[in-house]
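Sharing a structure here in structure tokens format.
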Amino acid sequence: MARIGVFICWCGENIARTVDIEKATAEVAKIPGVRCAINYKYMCSDPGQAMVREKIQREKLQGVVVASCSPHMHLKTFRAAAKTAGLNPYLVEMANVREHCSWVHHDKEKATEKAIGLIRMTVGKVLRNRALDPIKVPLTKRALVIGGGVAGIQAALDIADAGCEVVLVEREPSIGGKMAGLSETFPTLDCSQCILTPRMVETGQHPNIKLYSYSEIESVEGFVGNFKVTIRKKARYIDIDKCTGCGECWTKCPSKKTPSEFDYGLANRTAIYMPFPQAVPARPVIDKDACIKFKTGKCGLCLKRCQAGAINFEDEDKLITEEVGAIVTAAGYQLYDIGKDQPNAKLSGYGEYGYGEYADVITSLQFERLSSASGPTSGEIKRPSDGETPKKVVFVSCVGSRDNAKGISYCSKICCMYTAKHTMLYKHKVHDGEAHVFYMDIRAGGKNYEEFVRRAIEQDGAIYHRGRVSKITRENGKLIVRGADTLVGEPVTIEADMVVLAAAMRPAVGVLELAQKLKLGYDEFGFLSESHPKLRPVETNTAGIYICGACQAPKDIPRPWRRRRRRRAKCW
Amino acid sequence: MSDATGFEPKIVAYVCNWCTYLGADLAGTNRLEYPPNVRIVRLPCTGRIDFNLLIKTFEMGADAVIVSGCHPGDCHYTAGNYHARRRWTMFRELLDTLGFEMDRIHFAWISAAEGKKFQQFITETTEKTRALGPYTAYREICEASR
Amino acid sequence: MSDVIAKDDLLRLVDQWLAEGKRVLGPVKAGDGVILYAPLAASSQLVLEGFVHAANSIKEAVFPRSETIYTYKFNGHEIELSDVDPDSTQCIVIGARPCDAASLPVLDHLFNWDYKDKFYNARRAATTVVTVACSEYDDNCFCTSVGLGPAAEQGSDAMLLKAPDGWYEVRAVTDKGTALFNGKTTPAPEIKVPISDGPAKKFDTVDIETFLKNNYESDAWRDITMRCLGCGACAYNCPTCHCFDIVDEGDAAGGRRVKNWDSCQFGQFTVHASGHNPRAVQAQRQRQRIQHKFRIYPEKFGAILCTGCGTCTRNCPVSLGVLNTLEAIAAVARGSIEVK
Amino acid sequence: METLEKVDSAFAGTSVEACYQCGKCTGGCPVAGLMDLMPNQLVRLVQLGRLEKAMASTAIWHCVSCQTCTTRCPQSVDCAGILDVLRQMSAEQGKAAPELRRVLVFQKAFLDNIRRNGRLNEVELIGFFKTLAFLKDFNIPLLMKDTLLAPQLMQRGKLHVIGEKVRDRAVVRRIFDRCTKPGKGA
Amino acid sequence: MEFGYYPGCALHGSSNDYEKSIRACMKVLNAGLKELDDWICCGATAAHSLNHKLSTALPARNLAIAERDGVGSVLAPCPMCSMELIKAGRALRESEQMRRQMSEIVELKVEGKTDVINLIQVFERIGIETIKSAVKNPLADLKPACYYGCLLTRPAKVVQFDDCERPRSMELILEALGAAPVSWNYATECCGAGLTMANEATVLELANKILKNAAGSGANCIVVACPMCHVNLDMKQSAVERRYDTAHGLPIYYLSDVVGLALGLNKKELAIDKHFVCARAQVKR
Amino acid sequence: MIDQLRQTCRKLLEEGAVKVVIGYGQDKPSMMPHPVFITKPEECDRLVWNDLCFANLAAYITRKEIKALGKPAVIVKGCDERALVVLEQESQFTRDGIYVIGVACTSLPASGVGNPRAAKCASCAVRTPRYADVTIGEAAVGSSAVGSSSCSTADAEFAQLDEFMKKTPAERFAYWKAELSRCVKCYACREVCPMCYCNRCIVDKNRPTAIDTSATIKGNLAWHIARAFHQAGRCVGCDECTRACPAGINLRLLNQSLAKSVERAFAYKAGMDKETPPVIGSYSLEDKENFIQ
């Protein structure tokens, strides 16, 4: 007769409330092959694990069944415990009597019966399990980092500093991501670029980092330790090795009317352009759709101007293969598209806010550019429609988020903080201006966060209305913002000069396709799923692939900064 | 919930480790209640689910069986579910020719994010099977083989 | 002096047996025209003539393809065993060929040698065999070569001989046979059914036995059996083949131990627990089959394990049977075929 | 407070509990300025089970059923539907605010008109409503007001004194009876 | 092309000018209207305010009539009727129990499969290009404010027509007629509709805001597709002007009026002469 | 024709191009032709060719006893060749490792001397082998070299099945219950099949036992499901299993149900084209999935 030990966990009350633990223990003790069956309040705790270890040794167990939560939660825990007690870890299995039983059934009798059944099944499985020994395969000590935003840059630097080679792939012409376009950051109000640009330069120059800008992941094959990654290097029409970044080309380019991606359309750029002055690599790129040469065959002014001979209109996409051992995904986020048309059928636009129709209704990222010293107005707050200084600005929180009806249900986490920051930036620049904020709740959990918001209200005089905006219209050059102040219990109408919408954070464009290429799980909103939110927060269910940054969930800047530490430890 | 005869359907669900099992976990985490008639068997991938298991399941007295895994495009092993989809298309045809009761064999794509779908699917399948009653035709041949 | 029975009366008698709750086995038309010995539900299914031999044999009457020998049940950590009573339902086999019936005395040795098989013996005792003497034969038949013939009475309890005008002569061979037809026949001294000579004798068993003794390692085995595919169509339908396997079938609640037919032609048949297989190639398995039938069994029990029915050849997808193997051996023995 | 089940079934399908009081309904309501309680407050009262106060409000009678609140609600709460239910309960229980009782009177008159004719007879309705309202409130201006428009309407051929009637009026009456049968109510 | 037709009480009552105008347009566009036999009132606001069951039963009776007579698509020019019919149809389609119950109540089998559409959709189905090519009299100096009111697009989940916040369907038709619709803020604000009779003050206030914003946005008329909107903006316009001491003088046209005018019909044929506010100069013919 | 065949084989053996010819021989005119293995040029006269040459010799290509003889030449009919195509797709041999002698079917055996089990010939898809190194004879007049390779005559091919499917599921189940109860598990169906080349069959595995070895109806049903389904998209319809079955079980019908689903759902027919990826082992993003919720 086999010697299987069964360990039933109460999970505090979680299992014990619905499953009659004593009855289950008595019943499973009778299963053929079961040597002993015991239960304990918290099997995963130290004393619980000690019980497992002790039984393995004293009863000379040949297999262990832990009846508790999902194996995705604690199988590794219990296998490790068994290993220390000298039992091959693969002779440990779990019966999921929590997620699959006690949490989904209310009838105690039936739940108990099912729990016993689940344990019986698992005993049957362990009876047939065989001891397994891990095999060793060679691995490539090289990492791929996807995305060159703040999270990706930091990940790349950490890994590179640890002495491993890093391949960093960024699809935009420059690394830097969203953070490169921010003005000042909460809760310290220090300059975003001052923090980021040195790191960008370091990334560009690091001997261990191989940077592919303006490139995308084409395909990924292989497995942990041995991935083969195909990278599509998009045609830039510039030889970045020859180019010196002198600027002769873009200052002379006659095609000047393309809205700048970096400034979110608040300013225009040329067809051959550097996304922003501090770009890394500091090399331009030609926008084929805007370039006169490409459109008509005439022009070629940049070609004539370029002393370095770096311009190549014949450039084509190239596919490059890199071998890596681990992959860090830092694909980032995008803002919820508040306009009328939506790429995703589940979402619908916010026609009531007039974004896209009224030039002075802008998004929070546009406001960052407006208030940034490197922005189109050199940091002066001027409204887009006529360049006037807005004397009354309304900031609207929760646009697209916390909206089950047509947006997304989650809280975007960072909007409360940056909206407070925006009111401060605005008030610091327009002293006689009025800053109104419509909010539902203020979520300012974090070191110095609450204090920061209070400062915006108490010191800088931001006027907070507890309520949501229902509609924005324009009349006589003013934006009529109709909302409610539920604390007073009446509708509020504000005639504003400019409105800033704190649009929700969504996973960046293409994260879904990337997830499919990498075989990563994602949630219903398209954020990449970690193995376990608490136990394995930076690992995915695919061994060797890690995630960080806002492609995992809405995050503020300090978050990826902290998480990278764990990730670095995880990679090797 | 059981009818006058006290019939409680026995249903076995073969699910993949990466999507549907996690979908079931999510149903648990969200406390979405469903009938306790289903026993989940966790396998790496729908592409791994041997058709023999279905037959064995009926032999061992199940009244319905479920196969569920990742949505197309989401397979943890790249294409296991695409292969499974082909195989089940053919297998169902065979079982149909053999005269199996096809409304006892259910397939679904349920992702790790679809706890709600898992709950609904299990509930519906249980109710449908309850309405069908025990799989007497199969039980008879098993009886005859004792 | 002979006793006769009209065919209609015979069929009525069959229905009467069925009505009495007896199991009646006889040739029936199954599927797409194959004749098989199978349990009858009514006499109308019975096919007595118009074919040489059924595709299977009557051994299922005494040695079913699958028989439970005991059952077990898990009760906690205990295992409860329950014996299965041998099946002693009265059984009548009707329409068997003499070559089928002749297998029964041969099989009796095997099941009553060091171990007396209660399941076999109970069925054997409860079984009465009524044969029909052969009036036709084909190229696959060779009963005369193994010492039998179209009206050989070994193993029969009663024998029917086809007479003109829908009559059958009934010859009771044993007491069981006499009892079965007692009062059902009509004396008819004028009817005398001629008995056919059967197929010509094709080989001499003594020659064969000598060859088998002396040519265990001959290349002839390989050459002759090259086309064998290794299925069990010959053995399973053979009236004398009797190999079986013991397996357990069950689930978490319990199960049964069962005795199933097996065949020496299967690659797995002799695989040892170590993984070694003493009969690794098909030629060795074919050799075993022939050696067993014509040397080993006769040496042990004094009876040839073959009744010349030819079923093996007829069922073989590649037309290889005992007959053509032996014919080929005989040829080799005569030196007319060169062995590589 | 009456039995909880009744209230529950009355609000079934309107997901009252989903409301998180953001006030978008109030912000968009064209008549919020006239209301004594804001739409979001009415929903809150329902959440709390304080129906008496909600039913007695004038707000429910100011509602123009324009569906803006329902359409904009980020939690898909059918705010307009909740107000419908509140009006029904208020009317059934005679809790309607006195100053706006004429809305109720009008709606009752409207339905009564349809019950009899199958289609609306405007002249009859106006006359009936005004008289009823007058008897209730002795509100002479109301009685007089639209009468000034009547000749102009007549002149434009827009008023038919006799009005249309449905052929099968009996079935209309049966439909009304079946829908107003107590016990199986709304 | 033929559509079923559910006029509703208003179009057979004080808004008979709307019906006349629609029928005139349809004739020119070769579209037939088959009026539902012995239709009954949809119950309007009163029913769903006071008796929920009735608010399904009354429209269900009409849907049942359409199904019985094999009418697939039904035009309900009044958005209130249209919304009530759509809502009832949806409730019927969603629940077997509802179908059974309602079939019993209305004494006809009803499944809710009828496709109920508004006037804009009828023009869309006829084809904006078709209409455009039939224009004889482009409305060059017409600068209308297209007024949708509430129920044409709301509740969005029920009627599922156009974008309830920024609808454009009426504008597209008017542009095809050669008019230059203005951009304004009150296109989907409510005029008070059902409270015309009972709570006039509210109606006047709302109507005033609408008229004011339309005029302020440069409109020289308002186009509506709802009899109630028309009543509140046209018939009550003088009351509004009196109460707020202004002079709007904005003609209010039905959508079919302007389509008809562009197609070459005259004021009388379209019953525009029955409106309270005088039509604009260019449509005086 | 037979002379041409013998001559071809003799030459191959003489030249040493092959070591063995797998062909048909016949002991007595009254008996069925059977497979023979000719290793010497002078034995080539033992080869025969007639309408009763049913056996699909492709089944021998994968057998270790045969492989041990050296490079074979194998005689195939059109239908048998389809099996070779599948085996090659599945890498069971390399094309230059065998020599294929095609023989065109000159008449339709179904109408000829009594083998009632030649239903396959009536809906034959390939009468003349297409990938053979040499082909002997020409297809009978009135029959094209390639028969119903398209779905045009497939309806005729599946007529029996279509008729069967008109029964209710309960009737079908009862039919198979009766049919399969005759199975004694002799595995002739498996052994004659060219596609059943596994070293160890699933039914012979017993740790754990997937399929009961007992020849009970339960065990038989499980076995025949496994056998048929392992042929999904692979079975070329040579019907050897049906011919081999001593109990006369209508295995053809089961094989056809899969062939039909493969043809209807994936426009695939086993063994018709070497280049088309096998239906099992490949997939398309567009595969229909209306049965999946």
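Chains: A, B, C, D, E and F, in written order; residue numbering restarts at 1 for each.
Definition applied: a contact is a pair of C-beta atoms (placed from the backbone, for glycine too) under 8 Å apart; a residue touches a chain by one contact, two chains touch by 3 or more.
Model, not experiment: these values are computed from the prediction.
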item: Contact-graph distance - origin subunit D, target subunit F; value: 3
item: Closest chain to the centre of mass proxy, which here is the mean CA position; value: B
item: Chain pair with the higher count of C-beta pairs in contact (A-E, B-C); value: A-E
item: Averaged-CA centre spacing for the pair subunit D and subunit B, given as whole angstrom; value: 50
item: Separation of subunit A from subunit F, taking each centre as the mean of its C-alpha atoms, in whole Å; value: 56
item: Centre distance in Å when subunit B and subunit F are each reduced to the mean of their C-alpha atoms; value: 34
item: CA centroid of subunit E to CA centroid of subunit F, Å; value: 71
item: For subunit F, residues contacting two or more additional chains; value: 212, 214, 216, 219
item: Residue numbers of subunit D (touch at least two other chains); value: 68
item: Residues of subunit B engaged with two or more neighbouring chains; value: 73
item: Chain pairs that touch, as defined at the top of this document; value: A-B, A-C, A-D, A-E, B-C, B-F, C-F, D-E
item: In the complex with subunit D, residue positions of subunit E that touch it; value: 9-10, 12-17, 38-41, 43-54, 57-58, 61, 104-107, 149-151, 154-156, 164, 188-190, 192-195, 197-200, 202, 206, 235, 274, 276
item: Touching residues (chain side subunit F, partner subunit C) in the complex; value: 27-28, 30-37, 39, 55, 59-60, 64-66, 116-117, 179, 182, 184-188, 190-192, 200, 204, 206, 209, 212-216, 219, 240, 243-244, 246-250
item: Subunit E-touching residues of subunit A, taken from the complex the two chains share; value: 340, 349-352, 357, 471, 473-476, 480
item: Subunit C residues within the subunit A interface of the complex; value: 74, 76-77, 79, 252
item: Footprint of subunit C on subunit A - complex, ascending; value: 1, 30-32, 34, 120, 124
